[in-house]
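Before anything else, here is the set of structures, which you'll find just below.
Two complexes follow with subunit A in common, the first pairing it with subunit B and the second with subunit C.
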Partner chain A sequence: MKTELAPRTKVLVYGLMCVLLIPFVFPTWWMVTSSVKPISQIFAFPPDIIPRSFDFTTYGRVFELQPFAQQYWNSAYIAALVTIGTMLFSSMAGYAFARIRFPGANLLFMVVLLGLLIPSEVTIVPLFQMFLSWGMINTHWPLVLVPIFGAPSVFATFVMRQFFIALPVELEEAARVDGLGRFKIFWTIALPLARPALAAVAIFTFLHSWNLYLEPIVFLSSPDRFTLPQALTQFTDAYGGALWNVQLAAASMTALPVLIVFIIAQKQFVEGLAHTGLKG
Partner chain B sequence: MTSSATSMAVREKRKRPFWTMERRDAAAGYLFIAPQLAGITLFVLIPLGLVFWYSLHEWNVLASTFRFIGTENYERLLTDRDLPRVLGATAIFSAGLVVLNMSLALLLAVLLNQKLAGITIFRTLFFSPVVVSLVAWTIVWSFLLQNNGGINGMLAAIGVEGPNWLRNPTTAMISVIVVQVFKNVGLNMILFLAALQGVPRELYEAARVDGASPFKQFRRITLPLISPTVLLTSIITIVGSLQVFAQIAVLTQGGPGISTTVLVYYLYQQAFQFHLFGYGSTLSILLFVIVAVLTFAQWQMRRKIVFYEN
Partner chain C sequence: MASVTLTDVRKSYGATAVIHGVDVDIADGEFVVLVGPSGCGKSTLLRMVAGLETITDGEIAIGDRVVNDLEPKDRDIAMVFQNYALYPHMTVATNMGFSLEHRGTSKAQIAERVKWAADILGLEALLDRYPRQLSGGQRQRVAMGRAIVRNPQVFLFDEPLSNLDAKLRVVMRGEIKGLHQRLRTTTIYVTHDQVEAMTMADKIVVLNAGRVEQVGAPLDLYDRPANQFVAGFIGSPAMNFIGGRITPGGFVAAGVTLPLPAGLPAGERSAVYGARPEAFALAPDGLPATVTLVEPMGPETQVTLMLGEHQIIAVFRERVKARPGDTLHIRPDLEAIHLFDAETGARLN
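Now for the complex of A and B:
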């Protein structure tokens, strides 16, 4: 399909893409610009695409109304732990299923894949009961443990396995002849080569943890334990009406750092995702 | 010489250690999968068994009743007046989401596969909602979809009176679908783009020589060759659509009425708002069965849909 297009077609394609872009880009723009509009202008008619005046006090209000810094830290460290744990365990399991011959490997792989059919929404009631009996309700343990071992990590294991299957085995065999143990081979040879797949796994896992919503609202009850998605919905006035500009300021602070990291590293991001075993 | 060779072989056999290369390797294999397997057993398989066990009980957490009632909860599924509407809403939501997501992803991937200056910028922008925090994205759409919000403001500016999007059953359903599609379509778009780039160019050149129109090339070459990706992404998208919760909770709380109450949201309400863990567990089993049947059906269909497999 990669042929030079006629100039008229080019204009058409550019025009179509620009129109299609609106619902993808405008909401983010509207979130950031509305967060700095004074409350009187937030529902102005006609809408101001570019703010007329700026009011940054909403950003201070975010921290007054909620322990927002603490909530930010909660989300960040939980997502970091989940990402590291998933990368480690899923690459180990994926490597074993791809490379090592051991009795029952196929059966055990089927058991692991079963995890894909059982999203944590299905098991949320017993999970709540389990963590309740372990005294872990209103702690971050469920948000760390369940994603590292549940359905998202199974998906990660699958991606890692597909990658290792496609990876040439010669280097590792040479190392085995030299008498290197399995763990050494995995750690020093296979894993460094798996960087693209690991990047994809890291991105998926981080975003999944960062966006988690059902689990936090089930497991957490005090505001200083909340994660960001949960905290964002708490900016309301005494009657439960949304404090739109404060809420949008908090939303902007949640969304922008990840967005900026993505734009800087978008090549690795997109290519990491494209080069997983998902290609089919 | 022969005798010494035999005795050496005997000695070898006697000295042969228990931990041969194969055994050591197999042990390493088990150790490598042990954390994941233990975790899945503890946090997925045992809970699945428990959820089935709970579903056979009347269990009100507030009243702290826990009583074995056999299949009564399952009979309740059949008589639950809200459930047909919940399942209907789930079906409409999932079907709408999958159809819209897959076709938009394919269209964007084809557009992005053109040789044009600045195409990477477009790719980045179309993908960007994927990395925007889900609840932040939903909140800004909720703000935009208010009766006096940005969308109706802009419609009014060109003389159109927009509906109260989130307060009308039909437009509320359309809203939750569309918000979710724009959020996640970038993922499928990238997977399709990678698949499109894997189609050998010679095939198109040969087709052009034979006089095939661009549409025919797309139907006869592109679609068959990217069919494995289409199948895989459709499974992931359908299963993902059944898990959508935050968007519903933030945008509509299942309303107006119960018009956007999908199964996950209904399950959450029954278990954690009405404290009915027994019936909530029965709904969980229903959700599990739906996910399993859909995945299995699509997997079975792969021979019909998928033109080739690597």
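Now for the complex of A and C:
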């Protein structure tokens, strides 16, 4: 794909892309700008694209109203654990399904995939009872364990399996001749080459965990254990009315790591793709 | 270094048998080429020697060790794959030293071995590059470097040159042969290209549909093929085959009677008359044949002729000025005539 576009087409294409960008960028822009507006101005119509006054005290109030730093940390370490755990398990499981022939492998894979079809709302009550009997209610354990062994991990396993199937098997045979055992082949050959797939898995697992809402509100009850999506619902005045600007300030801070993860993972993704240029 | 012995080796995938009992003895230091048409089981056989494929039945020994149940890493072999299988995420030097690294060789020793191999193969300047930054021929060399650093007992090559263009193939052919002459490591080399087989091998094993058709030195196979399959497979352009009957008066075929060599079993029978393109000479008292195509090659001239109702190809050392439609008189060299059984294809003379 190295076709040079004529200048006029180029202008047209870029113009069109700018227009298409608006619905994607506007909500974020609105969120960030509204977080520094007085509440009365947030719902003004037509909306002010550029706020008339900047009031950054909303960012301070986020931390007064909630143990927000603690909640931030909760979300961060849970998402990190879930991401690392999922990458580890899904790559190993995906590799096994792709490369190891064992009786019932296909059937087992189908059973695993079926897990994707069950909505989390269906399993949340039995899960609650299970974790209750394990004494894990109002701890972070369910939020770590459920995604690592649940639907997001199943999807990740599927992605990894497809990637490993496509990897030339000669590379691993060469490694076998070079003297490596199964696990070392996985660890030093297959896994490093799976960077693009791992990056994709990392992005969606992190996002899934970071945005998890149903599970925290079911499993957690004390504010200092809350995760961010749950905390965002707590910014109200004494009468239960929403403090929109404070809430949006919290939301802006919540969105920041997502942006960072995207940028890092995307770079990995592209570099990884370049790496797999096996043959020319 | 070691000998390799295959004894009645068989392979089946489920119910389909693909190797039907192969016996081959490879002497220490020998360069053996497995050659045969696509799908005949060359790669399968090589991979069984490597340990990448299980052995359904029979025995493979390297040196005096039966290796049937040994992992590839314990067989002390090195393999060069058709697509090279260089690790894309490692530099040339790491690729070459990788196997030593996993055998607990010291860093200094690895560096020394890699340098030694790079010296031999002219890779010194490329050691820090990644495989994607190399040309096809350079990748090929790195793959060979990876094989030789370890100084294994046996080298296995699976069609290593088939991804290269024709010119480079000739160059690399020479390099592999040179490498073997220098290191004298027992080598098994798989190809479907009979020119590669002829030029490189000490000994050729011709395979067809999972069976050995003939084993022998290149020129022995060329001069005395054991059957019609080997006769047709070895040599380019291929041997001419003419079907007909052996009679006391000569070989009777459609529209022509050919002279027969002496020493044939008595009695009339149907057979196939085989003559290589260079087995024909121009002779005023020879058989008349009609020219259909003349292809001057420079040192020789390739002429397509109708001999009776049979189309044959002849190659003459001299320049032939004939044109399509002309008649040439040709005489087969009786020393170089092969006769095969019409049914079994087995050699008769």
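As a convention for this text, the second predicted complex is superposed on the first by the 228 of 280 C-alpha atoms of A that agree within 3 Å, B and C clash if a C-alpha of one lies under 4 Å from a C-alpha of the other, contacts with A are read in each partner's own complex, and residues count from 1 in each chain.
As a convention for this text, a contact is a pair of C-beta atoms (placed from the backbone, for glycine too) under 8 Å apart; a residue touches a chain by one contact, two chains touch by 3 or more.
Keep in mind that this is a model prediction, so the values were computed, not measured.
K.L.:
Name the contact category of A:Pro168: first (subunit B only), second (subunit C only), both, or neither.
P.N.:
second
K.L.:
In the overlay, answer first, second, both or neither for which of subunit B and subunit C A:Thr157 touches.
P.N.:
first
K.L.:
Look at A:Trp30 in the shared chain and tell me whether it touches subunit B only, subunit C only, both, or neither; answer first, second, both or neither.
P.N.:
first
K.L.:
After superposition on the shared chain, which partner residues are touched by A:Gly115: those of subunit B (first), subunit C (second), both, or neither?
P.N.:
In the superposition, A:Gly115 touches subunit B alone.
K.L.:
Now for A:Phe97: first (subunit B), second (subunit C), both, or neither, which partner does it touch?
P.N.:
Only subunit B; A:Phe97 stays clear of subunit C.
K.L.:
Take the contacts of subunit A with subunit B and those with subunit C, and give the residues found in both.
P.N.:
Touching subunit B and subunit C on subunit A: residues 274-275, 278-280.
K.L.:
If we count contacts the way the header does, which residues on subunit A are in touch with subunit B in the complex?
P.N.:
Per the stated touch rule, the residues are 1-5, 10, 13-14, 16-17, 20-21, 23-25, 27-28, 30-31, 34, 43-47, 89-90, 92-93, 95-97, 100-103, 105, 108, 111-112, 114-119, 121-130, 145-146, 148-151, 153-154, 157, 181-183, 186, 207, 210-211, 213-214, 217-218, 228-230, 232-233, 242, 244, 247-248, 251-252, 254-255, 258-259, 262-263, 266, 269-270, 273-275, 278-280.
K.L.:
Contact residues on subunit C for subunit A in the complex?
P.N.:
50-52, 71-73, 77-79, 81-89, 98-99, 102-103, 131-132, 136, 146, 163
K.L.:
Could you please specify the touching residues of subunit B with respect to subunit A in the complex?
P.N.:
Subunit B reaches subunit A through residues 22, 24-30, 32-33, 35-40, 42-48, 50-51, 54, 108, 110-111, 113-116, 120, 122-137, 139-144, 146, 148-150, 153-154, 156-157, 178, 182, 186-187, 190-191, 193-196, 198-199, 201, 204, 222, 226, 228-229, 231-233, 239, 242-243, 245-246, 249-250, 264, 267-268, 271-272, 277, 280-281, 284-285, 287-288, 291-292, 295, 309-310.
K.L.:
If you look only at subunit A, which of its residues touch subunit C in the complex?
P.N.:
Listed in rising order, the residues are 168, 170-171, 173-180, 184, 189, 192-193, 274-280.
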